[in-house]
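Each in structure tokens, the structures are laid out below.
You will see two complexes here that share chain A, one where it goes with chain B and one where it goes with chain C.
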Partner chain A sequence: MDPLLGMGVLALMGAAATIAGATEDLESDVGSQSNPNSQVQLAPQMMHPHRIYNKAISGEPPSNALMCAIGGTIASVMMSAYGLSVVFAITFGAAIAAVIHGTYAASSFMGRVSSQKRFKQPLYLDIVRSHTPVIIGYAFLTTFFILVISYLMSSVLNHPFPLPLLAFIWGITVGAIGSSTGDVHYGAEREYQNVEFGSGINAANSGDIVRHGESGLRNGIDNAWFCSKFGGPVTGIAFGMTVFLSGWVTTVFNPGESITMGWLSVIAGLLIVAILIIGNRIIETWARSTYGPYQEEESEEVTA
Partner chain B sequence: MSAGGSGGPATGGIDHNKIIIFGIIGALVGIYAAYFLVNAIGSAFSFIAGLGAICSIVWGASAVRRVSNYGLGTGVPSIGMLAIGTGMVASLFGMAVGSIAGPIISFVTACIIGLVIGILANRIIGMGIPIMEQSMTEIAGAGSLTIVALSTTMSGTFMIETILPNVIGTGYIAMIFIIGALSILHPFNANLGPDEHQDRTLSTGFEKGAIAVIIAGIVATTTAGAASIPTILVGAFIWYTAFSKFYEYIKRDAHKVVGTGVLPTEEELE
Partner chain C sequence: MIDIVGILSANLLYVLLITIGGTLVSFSVHFVPVGGAPAAMAQAPGIGTGTVQLAAGAGLTGLITAGTVLGLTNSIAIVLASGAVGAMLMIGSTMIIGQMVYVFGVGVPPAGGKSKYDPITKDQQDIYSSQGTEGHALPTASYISGIIGGGLGGLGGSLVYYSLVNVTNNIGMTDLAGLAGIFAVGIFFINAVIPSYNIGGTTEGFHDPKFKKWYRAVISSIIATFMCAIIGVLAIGGL
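After this line comes the complex of A and B, so read on.
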């Protein structure tokens, strides 16, 4: 393939991945999935009932793998059995996958709230009705852009894997990156805005999450608003970079041309990883020296 | 996860042994009935394998519930993944070597692998869950039956010559893997908590199983041996019934189901 065309496809995949990463993180934040979930789950037990959507669909990688694999399957069926165009097939697949994700979200929220009867956590139906469509919307965007990436890989870049399998793998990847990158912003910062920055989550503070918003009672959509300022975009950049840089090395140094090019692509990949590690280290030491280590004041005793 | 199971044997109205029988017999009868009826009459009967898949999913969910009640929280998803992973290996092996006995060989192989995993987990790693060996055997067996049943729903047969190009080569097997795993692990994971009830968890199992059947029905449009419309309709009907039942149980079990409202006061929480 023309290297320039390859770069163009790669740029498109990177852009799609950036959006997918951002929407994935926001989707998980609306429903407090994965990391922040346990604190929201624990809150009623600590006498802190709340109005926050709390869905536990087995962590982000499997739940995103599920919706992307369903989307990829339906899109693939639509293209092969009905001869639908790619755009319609992917849209249709993403829509069905997002609605199914919505049923998973709703059943886990209502189920877990009902299983906390003894802690007197009420089930607010307006939270179900207002948050589930938002979750479906974000899930649609994530699935759609993951399918765009998977389709470009299988049809333009001639990846040997079929579309559903690629979508499945990218679903796990986007879920893993969303879980590791974006959740910190919601879990440690948003839920514990009332404690000093950098203090971590003290065991005595477990379940003592911030339940009141800028106005009124806080809910999952408020959290998505907060996370869309930093957590979501940074997840998008992380996932976009992962897709772009991992494809870049083999597009510039195409192993199909010669064995030397293959080795050059390996070296380029190692160089990128080394630069990222060094860059991360510099940022970390800079942040530590600028903001300093968190020091707990002796006089201020934390009470449970 | 901080809020795990209640840390003891699971309780509930329906005896787990009955659910084991329901799962094994239901799934195997479903798979074989679909296979023979599709061969003898026509592809419209492929949906019976979907009913078999629901039986094995509900059994798997019940087994997950039973073992996870010993205090597993974040371990619930892991154990579901383990189930379907073991099931995948076993069912591909069984279908590849078994021909007409494929589903049974898959099931037996999965049970053996599951038993070994259970023994490793309890004796070597020392997890100390009394029913670990039995539960891992059950979960792996349920996983393998789910995979075989969903594959049969998609293609009308469990013969590897048809499964290989229609289900594995096309990549739909990845979807079967993840939807099978989630259907088995999600019911207990979704209802995790000290006030979990068996009927509510199992109704979620039926609901998630029905979704898997609907998707398998959509895939069936691509294959000659299976019909999609009956499968989708049956799946949609079971989904609606199960979800209505689930919502009934929610209204029964929740502390309060309110349209909207402010948080309970300190006095109300006392």
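After this line comes the complex of A and C, so read on.
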């Protein structure tokens, strides 16, 4: 393939991945999936009933992988068996997958909240009605863009894996990234805005989440609004970086041309990893010098 | 009727390579610094997700890269190295963005809880931990440990995939790649789950005391992967 065309396709995949990452994180924030869900689940037991959507279908990677694999399989069947256009097949596959995800979300929410009756946690039906379509909407966007990436990989870049398997793997990856990056912004900052910024969250505060919104009582859509300012976009950047960089090294240095090019692609990848390690160290030292320590060094060492 | 003995004896090398690959995955998971739900609340150091989730995300990204390269070259060394690099890029990108969320979004500096000084940078850790937490974010030692873990996981996953693709069979490359990919993902998951019993939710990487228990998971993985390898080789070799 023409290297310039390959780079163009890769850029498109990177852009699609950035959107997929951002929507994946916001979908989990609206429904309060993944690790921060532990606090939403715990709050009623600590006498803090709330109006936050509480779904934890599974860990984010398996639930996104299921969604994307369903979408990928439907799209693949529609293209190969019925000869439908790519755009229609991918859109239809993503729509079906999103609706299936919505049924999991609604049943998960109602099941979880019903089990908390003894802690006086109400089951708000208006929350089900208002939040589930938003979850379905975000799930559609995530699945659609993952399918775009998978389709481009399998048909244009000639990846040997079939479309549904690529969609499954990218679903696992986007879930892993969303769970590792954007969710921290929701779990460690948004849920605990009642403590001073940067003061850390004492384990004793577990379950004492903020329940009052900017206006009225806080719900999952308020959380997505807050996280869309930082957590969502950075998740998109992380997934975009992953898709772009892992493809970039083999597109620029094509291992199909010669063994030397193959090793150059490996070296280029290792150089990027080295830059990331240095970048991490710079952020670490910046944070330590700017924020300073929480406590002074122990006095025993001075007096001893 | 499938000639079980014939297929296994013809592909014995690949059975062994799959077993080694799966065991590498199991060993690699011990390096990945994960803090689970406490880390998502910045109450423990590491990435705020589960062991299996992050290890699988990284390793499978490596598998995609290895799949791309295997379609272009037959050099096993380049395929394995590309798989490792793909996984390292995924976990490196994820950890640096995660670090940014902790520092800029939550406002806490990186601090480990298992050792007073970072084993690589020698920076003091305990004074940077906020009250009531074990630490937060990713100090350099944890970051580098994660990169090593991602690399080994990608290497192991690629080795499994490479071996499965090369098993003697009578099916076309398109079907073979898909089938081998599915088996590789399955074997990867089995070996990502086994070490999580050692890790028990949180680990900071190679300097965490839990790391010393790696051999238990590795022994379990050798047995589990060997059985998976026999089934995988028979399934693909019998077609």
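Definition applied: the second predicted complex is superposed on the first by the 292 of 304 C-alpha atoms of A that agree within 3 Å, B and C clash if a C-alpha of one lies under 4 Å from a C-alpha of the other, contacts with A are read in each partner's own complex, and residues count from 1 in each chain.
Methods note: a contact is a pair of C-beta atoms (placed from the backbone, for glycine too) under 8 Å apart; a residue touches a chain by one contact, two chains touch by 3 or more.
Keep in mind that what you see is a predicted model, and the values were worked out from it rather than measured.
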item: First, second, both or neither for A:192, with chain B first and chain C second; value: second
item: First, second, both or neither for A:231, with chain B first and chain C second; value: second
item: Partner chain in contact with A:120 - chain B first, chain C second, else both or neither; value: first
item: Partner chain in contact with A:168 - chain B first, chain C second, else both or neither; value: both
item: Partner chain(s) touched by A:84 [first = chain B, second = chain C, both, neither]; value: neither
item: First, second, both or neither for A:12, with chain B first and chain C second; value: neither
item: Partner chain(s) touched by A:38 [first = chain B, second = chain C, both, neither]; value: both
item: Partner, of chain C and chain B, that touches more residues belonging to chain A; value: C
item: Which superposed partner A:100 touches (first chain B, second chain C, both, neither); value: first
item: Partner chain(s) touched by A:210 [first = chain B, second = chain C, both, neither]; value: neither
item: Intersection of chain A interface sets (partners chain B, chain C); value: 38-39, 59, 161-162, 165-166, 168-169, 206
item: Chain B - residues contacting chain A, complex; value: 1-3, 73-74, 76-77, 80-81, 169-175, 177-179, 181-182, 185-186, 189-197, 200-201, 204, 207-208, 211, 215, 218-219, 221-222, 243, 246-247, 249-250, 253-264, 266, 268-269
item: Residues of chain A that touch chain C when the two form their complex; value: 34-36, 38-39, 59-61, 153, 157-162, 165-166, 168-170, 172-173, 175-177, 179-185, 187-189, 191-192, 197-206, 230-231, 234-235, 237-238, 241-242, 245-247, 249-250, 254-256, 259, 262-263, 265-266, 269-270, 272-273, 276-277, 279-281, 283-284, 286-288, 291, 293-297
item: Contact footprint of chain B on chain A as seen in their complex; value: 37-39, 41-42, 45, 47, 49-51, 56-59, 62-63, 65-66, 69-70, 72-74, 76-77, 80-82, 96, 100, 103-104, 107-108, 110-126, 161-169, 206-207, 211, 217
item: Touching residues on chain C, where the partner in the complex is chain A; value: 36-43, 47-50, 52-54, 56-58, 60-61, 63-65, 67-73, 75, 78, 81-82, 85-86, 88-90, 92-110, 121, 123-124, 127-133, 136-140, 143-144, 147, 173-174, 177-178, 181-182, 185
